[in-house]
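Beneath this line is the structure, given in structure tokens, with notes to follow.
Note that the chains take the letters A, B, C, D, E and F in the order they are written out, and that residue 1 is the start of every chain.
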Amino acid sequence: MTLPRRTHPRPLDIANGRIDLTHGGGGRAMQQLVEELFVAAFDNDALNQRNDQAAFDVPPEMLRGGRMVMTTDGYVISPLFFPGGDIGSLAVHGTVNDVAMAGARPLSLSAGFIIEEGFPLSDLKRIVDSMANASREAGVPVVTGDTKVVEKGKGDGIFITTTGIGVVPPGVNVSGDRARAGDAVLVSGTMGDHGVAVMSQRESLGFDTAILSDSAALHTLVADMVAATPDIHVLRDPTRGGLASTLNEIAVQSGVGIALRESDIPVRPEVKGACELLGLDPLYVANEGKLICICAPEHADTLLAVMRAHPLGRDAALVGTCVEDSHAFVTMRTAMGGNRVVDWLAGEQLPRIC
Amino acid sequence: MKYIDEYRDGGLAQALARTIAAEADPARTYHLMEFCGGHTHAISRYGLEDILPANVRMVHGPGCPVCVLPVGRIDAAIYLARQPGVILCTYGDMLRVPGSKRLSLLKAKAEGCDIRMVYSTMDALKLAQDNPDRQVVFFAIGFETTTPPTAVALKQAQALNLKNFFVFCNHVLTPSAIAQILDSPEVRVLGTVKLDGFIGPAHVSTIIGSAPYEYFAEEYQRPVVIAGFEPLDVLQAVLMLVRQVNQGRFEVENEFARAVTRDGNSKAKALVAEVFELRKSFEWRGLGRVPYSGLRIKAEFARFDAERHWDVPQDSPPDNKACECGAILRGVKKPTDCKLFGTVCTPENPMGSCMVSAEGACAAHWTYGRFRDIKAAPDSKVDP
Amino acid sequence: MCLALPSLVTEILPADQAKVSLGGVIKTISLALVADVEPGDYVIVHVGYALTKVDPVEAEKTLALFAEMAETAS
Amino acid sequence: MTLPRRTHPRPLDIANGRIDLTHGGGGRAMQQLVEELFVAAFDNDALNQRNDQAAFDVPPEMLRGGRMVMTTDGYVISPLFFPGGDIGSLAVHGTVNDVAMAGARPLSLSAGFIIEEGFPLSDLKRIVDSMANASREAGVPVVTGDTKVVEKGKGDGIFITTTGIGVVPPGVNVSGDRARAGDAVLVSGTMGDHGVAVMSQRESLGFDTAILSDSAALHTLVADMVAATPDIHVLRDPTRGGLASTLNEIAVQSGVGIALRESDIPVRPEVKGACELLGLDPLYVANEGKLICICAPEHADTLLAVMRAHPLGRDAALVGTCVEDSHAFVTMRTAMGGNRVVDWLAGEQLPRIC
Amino acid sequence: MKYIDEYRDGGLAQALARTIAAEADPARTYHLMEFCGGHTHAISRYGLEDILPANVRMVHGPGCPVCVLPVGRIDAAIYLARQPGVILCTYGDMLRVPGSKRLSLLKAKAEGCDIRMVYSTMDALKLAQDNPDRQVVFFAIGFETTTPPTAVALKQAQALNLKNFFVFCNHVLTPSAIAQILDSPEVRVLGTVKLDGFIGPAHVSTIIGSAPYEYFAEEYQRPVVIAGFEPLDVLQAVLMLVRQVNQGRFEVENEFARAVTRDGNSKAKALVAEVFELRKSFEWRGLGRVPYSGLRIKAEFARFDAERHWDVPQDSPPDNKACECGAILRGVKKPTDCKLFGTVCTPENPMGSCMVSAEGACAAHWTYGRFRDIKAAPDSKVDP
Amino acid sequence: MCLALPSLVTEILPADQAKVSLGGVIKTISLALVADVEPGDYVIVHVGYALTKVDPVEAEKTLALFAEMAETAS
């Protein structure tokens, strides 16, 4: 874990120190930051090799005919700390989830940090520790990383880009273009918790709520689902743009329509309240610990049961059906019994007064 | 949520719809205009068209203060945002609305202007207090509902003797716009469109009360029902209008009695009267210049008036010539009658007022209702 | 459309302000436009200001009307 | 390549348009940016699946006992365009090189973009096209990506984080801890070209030079070297911190000293000139198309010959030797015949007047 | 590169070293002080100690203007950088130098101060012209070499009538510091250290000429050889000093005749005299207050003087008590004699002036020479 | 140490400025502190200012001295 010999006379001053440009300069200060903060937190064999890349063994599934997956996401969230998580745990969960949404087992993560000059070391440590915890809990190690420091005013505290790789078990083929008319559309829980939790921390919006972000790593839930039903057609996590935008993506990719039933879509009352207040629609609000599953109708009950048996899928629900539609509309039967289009998010969601 | 969930009961909605169907005379058509975007939104968002009988046709009115603001006023706001030292702040609704040359406040911000979203006029005041070396301009928009909060802010700015707070006032009056629509040749003279009744504003009426509508009911001999913005409120108002039409009545009825009185909010009205005065006329997107339909800041508060402090351009670039908004607002045409609908004109790049916010007739149809066109004409040009 | 929502007043604050709750979401609003508001009242909130109180008796009446319709219809 | 149906009424206005927040919002505007700019440029089977992750087949080396490698780097360079490259090509070369420095064959890249509101679409296209070219030339596809937009003043034009994965052929074991006393230290060419080329574009430094960045993908050079001598001990690209800092890293990792000979280290005269002018030492200036190779002394000649036969290794040179030294000093015999320590970079390199 | 490469010839260096070895008297030790960091740098960077005979000992002098600036002046610069509206600009060298509480300009920048690196005083002037609404303070440091460019900038600021350009002047004079070292009790009275000769400044001398050193040679009876900063220049100067010592001479000789004359640059000297005047005394880090050793801005240019415009703090926090810089500068001790060397005190966290820039005695030894300590005491505390 | 380098003047510019070259690196400097500089001269450049011209004759002499030493030594 530690270097053969003490390289730095004084340890980092985590309590009072701040990131300066030398921490990204490639010299001894950077080396110290990497050792005392990143390597200390993430501590795993591949990372501890301290090479510019991590080398590790090929997982057994690959040798038995599995496929590889790779995904990346940048995390630029503000505020950095929010009820139920922070940018660090989010950067692990989000990327683990994008790997898992291929039906894959996540193998490892990389983490690229872009830090603004002046960022408090104490916040950095809090974030890195949270990331390390999330990674350990998920059993997906951060095997390699990178740190860049940008001048004050040329960043926003910290940005994290994580990349994940994983292996799809042999025989599993999950993809956004596999939805077919007649397929069932399931969600693993309530919609909009993450987005509302984050918005509640924005001073300018000025509201309080007990809602926590749902940020969570979903790969064990996916593993259970794939074990029960290897032939899942589509999995996707409804993050930015929420359920609505994500379903539109899938509808276009697969060339099907999707018909939702409003009253079946689980939304917490507080999330409804916050959305009313801000003039937003919960279907467009981000989730970070939920998934959409599309499967043949005959598998829906099994998958719902498996999801509900998992702690992260307790509120799972069947929310709609794929239909023939060359226009790939996502529509919804409303609680009033009428119908509406559930369109892509136009632009980004802005709080409204009218 | 109390006073919300009860008014969104699906079972009651179905029952109300059945009553409407039962009472609506199959031999005639009911053209009912909802003036407010709030009602348009409820109708589209809940798909109420699907449960109303085919002979009850909802005509979407001018919608919301965002939609009716002419391009020139957006341009003027961008002009203000570009003045050195200015922080321009406004409600989130305004940020995406395009002015001329497809510029919007959001794009001006991307080009470097300091533009902030506020949730309340109190936030705008705080911005001014927190940035004493900057000039904070609040881009004020809104109907009678949104005007009193601006009046409170101006009074407060005066009390605090703020030197760096300004309001760019774009507050407008709904009754004048309703009159403009009813006075149009199509409605009044030619009789090409029958507007058989009106659903009156919900929250505007909490301030102005129901009394101002009495003149319309009388003068134009049309029934008015003031209604809340929940789906059951809308359905109930439709039912009440159908009944008035059937009975040949043209009264002002108040479905939203839980929040609206005959006289409205006198405290708020007094504040508005203290701070604002009528403009001789004001341009409405889709309606043109409407006499006595807008407010400006009174002389006593002149030092907070952005239009007096800066030389705000007064241009009024026209909407796209092919835009049918005027006709749509008067119930003469439907969005799909416009050849720009969904191709050149979409919510991301609106060409006319009806496409600007989700409460406009075109945007509401595009966003929530366009699947119906496909049922009508499968594989038409409409894209997913 | 003038987004405005009936919210429960939970606490009267100094300087003509109040805390309101909407489905568990808490917000501080201004009471500058209304008079005689007390905790337990519902007010209709727009851009951070209470526009008016909700009249519980009238609300009840409207709901009763709906119920009546529903019976007529079924 | 294209979606089943036209989703966007109007194409992106590349010539005059600018990035705004909607391009990162997860809605239709983002979808359009991804389709018309990123997918169009990177065009490959894995990316064209349009999933939140790319799935692809396991390469044959892995099935024959190879190992996997993963690496990530953030690119935050200013200016974005410099003689000999730009942030786009650099983001490909740098990460391909970090994969290659394990002796590995790079398989694929991910790309995460963090773009500042207001960034010109024309610059973005130029960068993405350059990245796509670099990726195609290297034969390493960008299989998955992500775009985030940050508010004006919270970024610096564009940051790119690329992650690379690759496969180490069976029997190859290259690592920074494998340098042994007696080993030869080789470099593949002149030192400092990239750093000087970039600095020459900084207005505040105000100098001109004909020097081009050496930015290049070194994996084919590495493949030749590994083919000739599978038992290379260490490979590393001397990027930030230059040759000096990189050798210090290796020395500490391996627990050896390294003794350099100044007169054998290739440095271009213009690089020397610029360094004299700015008070910098070329040994601390970044390279982006050079590698350090440490090998058993008996392999040095073969490897030098292989390097010199490759277009990217023509100026390869033997610059020093690893020595027993429990303090892991990097030292250098100077041209004057004396000795000095070649230390880590202290802080970051700042131009000096004294 | 002409006039550079010829003076870095390894073969000639070896030959010169052999000549020195041949001529140095094995029965005695030669303690030669190079005053300038430029020479210290050449000696360390090229490892010249390794090729000089063991009885020729180089004593590193106060080094460079960065090293000798007292902590209080760094604190004062940070104070200036923190004033509202100020852009503080300075040469890259100054950014990392720690003041008290381990703060440096780089760290103040990280905390939000607007601090810019400039390459030239012309860049500082341009900053002021480009930012008329800001106050641009140039943190000026340097010996006689660096002072004339500051004088040019002040003249130009006057000509341009700039209202927002200020200079925080820290220019110092080398002859006074040399005198201070030679006047120290160890050197002058106690005789614990013999400084047998001096290598005189290279670029300082291009401005002031060789004449000012004639007083020292005479007064202190020590030879002085002015030398260029290339390694062959240094070796040649050593040889010339060894010869003078051997011959009992104490003259001023000029090895750097290609750039230094007896009178120096009269144009530059006149400019400096026009703009600056002597301070009664000025603090040098490691040497304490030295009479008539610093410059300040003349009354005629007072409006550009940051020390007159702001109430710059005059504190002078002491160096760490254990720091041996004073003794090292006088040749009494070596860096490794200091118990803070390499543990508490490193170039990243210097405790005294000798560790501040690579030209200081301690920093040069740490950065370039510390491998020699290990040869002396293997597995000592020194880290890689 | 007052970093300063002999650089070749390649072009005299207006406003007392000049272009100099150092090993192919081109920089614009000020001639405010020196007189009578012409293209082809070498000047010693410090913080963007020429401090003095290099005297080619004296430079030659110093080099000759080195060469002489070297002969003595070998």
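Basically, a residue touches a chain if its C-beta (ideal position, glycine included) is under 8 Å from a C-beta of that chain, and two chains touch if they have at least 3 such contacts.
What you see is a predicted model; the values in this text were computed from it and never measured.
The chains that touch both chain D and chain E are A, F. Counting contacting C-beta pairs between every two chains, the top pair is A-D. Distances between chain centres, each the mean of the C-alpha atoms, put F farthest from chain C. With centres set at the average Cα position, the gap from chain C to chain F is 83 Å.
Remark: chain A and chain C have CA centroids separated by 37 Å (rounded to whole angstrom). The distance from the centre of chain B to the centre of chain C, each centre being the mean of the chain's C-alpha atoms, comes to 22 Å. Each of residues 1-3, 5, 22-23, 46-48 in chain C touches at least two other chains. In chain A, the residues that reach two or more other chains under the touch definition are 5, 7, 21-22, 28-29, 206, 252, 269, 272-273, 276, 279, 327-328, 346-347, 352-354. Within chain E, the positions touching two or more other chains are listed as 1, 4, 14, 37-38, 64-65, 91, 96, 106, 119-120, 123, 142, 146, 346, 348, 359, 383-384.
Chain pairs that touch one another: A-B, A-C, A-D, A-E, B-C, B-D, D-E, D-F, E-F.
Residues of chain A touching chain B in their complex: 204-206, 248, 251-252, 263, 269, 272-273, 276, 279, 326-329, 331-341, 343, 346-347, 350-354. Residues 5-7, 9-10, 18-22, 28-29, 117-118, 152 of chain A are the ones that touch chain E when the two sit in their complex. Taken in their complex, chain B has these residues touching chain A: 1, 4, 8, 10, 13-14, 17, 37-38, 44-51, 64-66, 91-93, 95-96, 106, 116-120, 123, 142, 146, 231, 346-348, 357, 359, 366-371, 374, 378-379, 382-384. Note for the complex: chain C touches chain A at residues 1-3, 5, 22-28, 45-48. If you check the complex, the residues on chain B that touch chain C are 1-4, 6, 9, 11-12, 14-16, 18-19, 22, 36-41, 63-65, 91, 119-123, 142-143, 145-146, 148-149, 152, 201-204, 206-207, 229, 232-233, 236, 239, 255, 257-260, 265, 267-268, 271, 359.
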